[in-house]
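Given below, in the form of structure tokens, are the structures.
Each of the two complexes below includes subunit A, the first together with subunit B, the second together with subunit C.
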Partner chain A sequence: MISVKALYHSYTKDESYAVKNVSFDIQKGEIFGFLGPSGAGKSTTQKILIGLISLQKGQVAIDGMDIKKTNRALFDKIGVSFERANVYKKLTGVENLKFFSEMFGVPTENPLKLLKMVGLEDAANKKAGDYSKGMLQRLVFARSMISNPKIWFLDEPTSGLDPNTTSIIKGIIKERQEQGTTIFLTTHNMHIAEVLCDRVAFITNGEISAIDSPRNLKLKYGEKLASIEYIENAILKKAYLSLTDEGHKKKLNDIISSCKVETMHTQEATLEEIFIKITGKELK
Partner chain B sequence: MKRLLAIFRRDLKSSVREFLLLYIILAPIVIVIGLRFFIPSVNAISFQFALDKSIGETVIAEFEKYGRVELLDGRKAIENRVVKADDIFGVIQNQEDDYVVISQGNEDEGTSTIAQQIIGNMNSEEEALAVTYSDIGAKMSSITIYGASSVILMAIILAGMVIGLNIIEEKEANTMNALSVTPMRKLEFIVGKSLIGLVLPVVEALFVVWILNLQNVHIGMLLTMTLASSLIAIIFGFLIGVFSSNQIAGIANMKFLLLFVSASFIGAVVLPAGTQYFLYWSPLYWSTIGLIKVITNEVTWLQIFQYTLWILGLTILIFLLSAGKIKKGLT
Partner chain C sequence: MKRLFGLLKKDFLVAYRGYFFLIMLVVALILVVVTNWLIPEKANLDVKVLYAVEGERTERMNSLLGFLQGAEGSQRLDSKSAVIELMQGDKNTIGVIIREAAEKPVIEIVLQGYENQQSRNALALSLSAAIDAQNIDYSNIENVTLQAVEQPEIPLNKSFVPLMILNEPVMLGFIFLATLIFMEKEENTIRAYLVSPVRIWEYLLSKIIIMAALALISTILITVFTVGIHVNWIMLLAIVTAGSVFGAASAMFIAVFFDNLSKAMIWIISISLIFTIPMAAYFIPSFSPWFITILPTYDLMFAIREAIYPAGNPQIFYQSFITLTIINAALYIMSIALYQRSLLRD
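Up next is the complex of A and B:
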């Protein structure tokens, strides 16, 4: 559905690349996470894919069409949820959606239905200028579904949302995926990526360092740990011990046999820990 | 077309919901209503007299030379007529050669003695004082002519400003990015945004003509001049929009635009005909000349065509010089 080959982009139009030799393919109905810290090249890549930045070098095909040769009708198939709440503040929520629905050449969703889906039905006739940050984020998210897109670009869709709303948004994303929508998710929230994405790409300094499913990345780079709390000489102690390291395994046996174990859990490395391990950078 | 109208409706809705933009839209109407209250006494070039029926045919005929005459029955009826809102003078005759002029007292200064002068003129065949009357052929007061043309020009320019402020709103909210990922073409965005700059001046020009009761104005010619002039205001609107990062900067840039508009208008009105070629470069000069002639009904279609050609030619030139900046600014 989306094919990117050897993509480069330089804002200064020299050898200083914001995106360097980026290649990936996204299959129909797949949720693909594009993960990286701020300034890694996530937004630049997404902007090239959705046509906000012109393609300088490389090949990009959306729904089988080269983006250099496509016409505006391609945007009937695309939905974009921006991180920044770019809505008309003097229009109400429902007016915002109605206005955008008139821009498309395909049948569109009922604005009120979308607002209800994201929990904004009570604020539908309230001016967007009076919305909170979270409400604006939900309005942008709802707007991105107005044309029932086949390909959906989501940029930090849960940023600034409370846990309950985040859960609703995650549910909508999963539901759309089940209906066959291909989703390109840009985020630095590893938890969201881990829960939602079929595959993720780690990007730092404009380059992709790994692409795989969260499970495969954990199997490949993760380390199984045991987290144990025990009492030794009347003092409560805590340890994280590898289940693959021989020394750690021996120490774990010693603790179990000679100390009073209070709690013990096995745990896998998180996607964030794997990201740090692979890229050497933290997600900020 | 659906997209163009949607953009137009959105801009109009957004504009009337913001005080500054609403004021800009309504300002020409408010000004012309103010002008309407001020114009009647100036415009009352045709004098009105209320004469007693018994005053005699000769006197009535004499007053009819100078204005409209109403014949009423007795002093009381004349007094009742004089106290009404318009400027009208009552005349009754007490006895032969003894006339009484009845006025309300708040008539325009220049017209208050006119009835006395007519009576004086009527009886002055052998007397030293002779009053003669002449006019310079004016059918309309200067305030009506320049007031109406300047308000229509203002409506045209302010509509351009509405476009500019709406573009600034799009830039500030970053909504152009959201529109860029829809099937909407850039040309549709530009034409949709321009519609308000055509519709507002046309509606307001018609309001001006209606409020000022300019019955002899040729509506076709008025709309031709208004629409042609609106094109330059639309370009200015886009330039203000793309060059200004926020509303304050937009308003600051408008001041430069108003300087250009004022210079063109004042120059067209004040400069002697022989030196007006200094202003030929300004499309708004041609707008001013055209609008004034349309309002005074002293223009032919050929002249309208010539003025429109000047305006369009200069507008195209300005467009070619600024198209790159507008395109870049909207990206």
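Up next is the complex of A and C:
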């Protein structure tokens, strides 16, 4: 559904690239996570894909069409949820959605149904200017579904939302995926990516460092650890020991045989830890 | 068409809730009240002449003094210093000092300093004619008036209506459109359009149509409640539409270069002031320096007047309408290109 080959972009139009040799393919019905810290190049890449920045160098095809040759009818197929809520503050929630539903040339969703899905049915007739930050975020998310997009771009869709609403949004994303929607998810929330994405790409300094499923990345770069709390010489101690390292395995055996073990758990490396391990950078 | 209607509906709602319609109606109402009840129907706008004779009065001065005595509101004073003193207190006066030198009357004209060259020449000619009055054979003079039209006298207050229409529906549209675009820029809603099938030309056209509609409503209200219904409506509505589109297209063109209203404010105010400069020439049509006549609002102002008070000069309407149509088309096309470029900034 989305094919990106050797994508470059420079805001200064010189060799200083914000995006450098980025390539990936996204299959129909896949949730693809684009992960990286602020300024890594993920927003630039997404803006090129949705046509907000013109393509300088490289090839991008959306639904099999080269974006350099497509017309605006392509936008009937895509939906975009922006991180910064950009709605008409003087219109109500339902008026905002009704207005955008008239902009598309394809059958659209019922605005009230969408507002209900994101928990805004009670605020449907309230001016968007009176919405809280979280409500605005949900309104933008609902708007991005108005045209039943085949390809859905989500930029930090759960940013600023409470855990309950986050869980609802995650459920909607999964449901849309089951209906065949292809989803490009830009985030620096590793937990969301881990739960939702079929594959993720790590991007730092404009370049992709790794692309794979979260599971494969963990298998490849992560290691199984044992977290153990024990009492030795009347002192409570804590240790994280690798289950693959011979020295750690021996130490674990010693602790079990000679000390009083209080708690012991096995745990996997998180996607965030793997990101740090691969890129050497933290997600902020 | 579905998209354009959707955009129109939305722009109408945003303008309505932004009190654009209310502001337009209130301003129109104020202008109606000012025209009908605050500006008098008649006012003496003639300049008063203060004159004095220095030295002896002679026979040769008689015709000139007779002319000055007969001038409405003229006043004879004792000395030049008395003339100047009184002139300082009344800016609507000029002074004439008469003396005799070498057996000829010498006239010194004291001006306030802001009179234009045409006024000075007219005054000099009047005085010169007064001196020679007795030598003129009136039977040899034939007055010829070009394009003579039977015109009822326009009361002073009603003569302001074309200016009000130029100001309110046309110029207010300029300010409103800039406000509307900057509101969307600040809300960043324009990005949401760009990821929908909406075309830039539809987005801009919808705003122009709303501004033209506002201008027409305001024009009809002001005209009906001041001069009545006996005007050339086709001409008036056509020229106001062209004028309001000009105001809106100019605002659109300016707005593309700025991110927010505060950055653009100085330009918006300056340009709207420049557009209203031709109003200075409204009551003195002979005052027409090139820097005023090149402004599209100059012809527009007289075209509006022609539509309300026909003076047998429909050419001014056609000239203004065609010029504005060409300028509007150019501004609209340039705006589409500039918006596309600035929104898809690399």
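Basically, the second predicted complex is superposed on the first by the 284 of 284 C-alpha atoms of A that agree within 3 Å, B and C clash if a C-alpha of one lies under 4 Å from a C-alpha of the other, contacts with A are read in each partner's own complex, and residues count from 1 in each chain.
What we mean here is this: a contact is a pair of C-beta atoms (placed from the backbone, for glycine too) under 8 Å apart; a residue touches a chain by one contact, two chains touch by 3 or more.
Worth saying up front: this structure is predicted, and the values here are computed from it rather than measured.
Superimposing the complexes on subunit A yields a three-chain arrangement in which subunit B and subunit C clash.
In the superposition on chain A, A:R72 contacts both subunit B and subunit C.
Once chain A of one complex is fitted onto chain A of the other, the partner contacts of A:N86 extend to both subunit B and subunit C. In the superposition on chain A, contact of A:Y221 is made with neither subunit B nor subunit C.
With both structures placed on the common chain, the touch criterion links A:Q56 to subunit C but leaves subunit B unconnected.
Once chain A of one complex is fitted onto chain A of the other, the partner contacts of A:Y8 are absent, as it touches neither subunit B nor subunit C. Only one of the stretches 55-63, 91-99 or 145-153 belonging to subunit B has C-alpha atoms clashing with subunit C in the superposition, and it is 145-153.
The intersection of subunit A residues touching subunit B with those touching subunit C, taken from the two complexes, comprises 50-52, 72-73, 75-76, 78, 80, 82, 84, 86-91, 95, 99-100, 102-105, 143, 147.
Subunit A contributes residues 11, 13, 50-54, 56, 72-73, 75-76, 78-80, 82, 84, 86-91, 95, 99-100, 102-105, 143, 147, 153 to its touches with subunit C in the complex. Looking at the complex, you find that subunit A touches subunit B at residues 50-52, 72-76, 78, 80, 82, 84, 86-91, 95, 99-100, 102-105, 127, 140, 143, 147. Subunit C makes touch with subunit A in their complex at residues 2-3, 5-7, 9-10, 13-14, 17-18, 187-189, 191-199, 343-346.
Across the complex, subunit A is touched by residues 2-3, 6, 10, 13-14, 17-18, 169, 173-175, 177-185 of subunit B.
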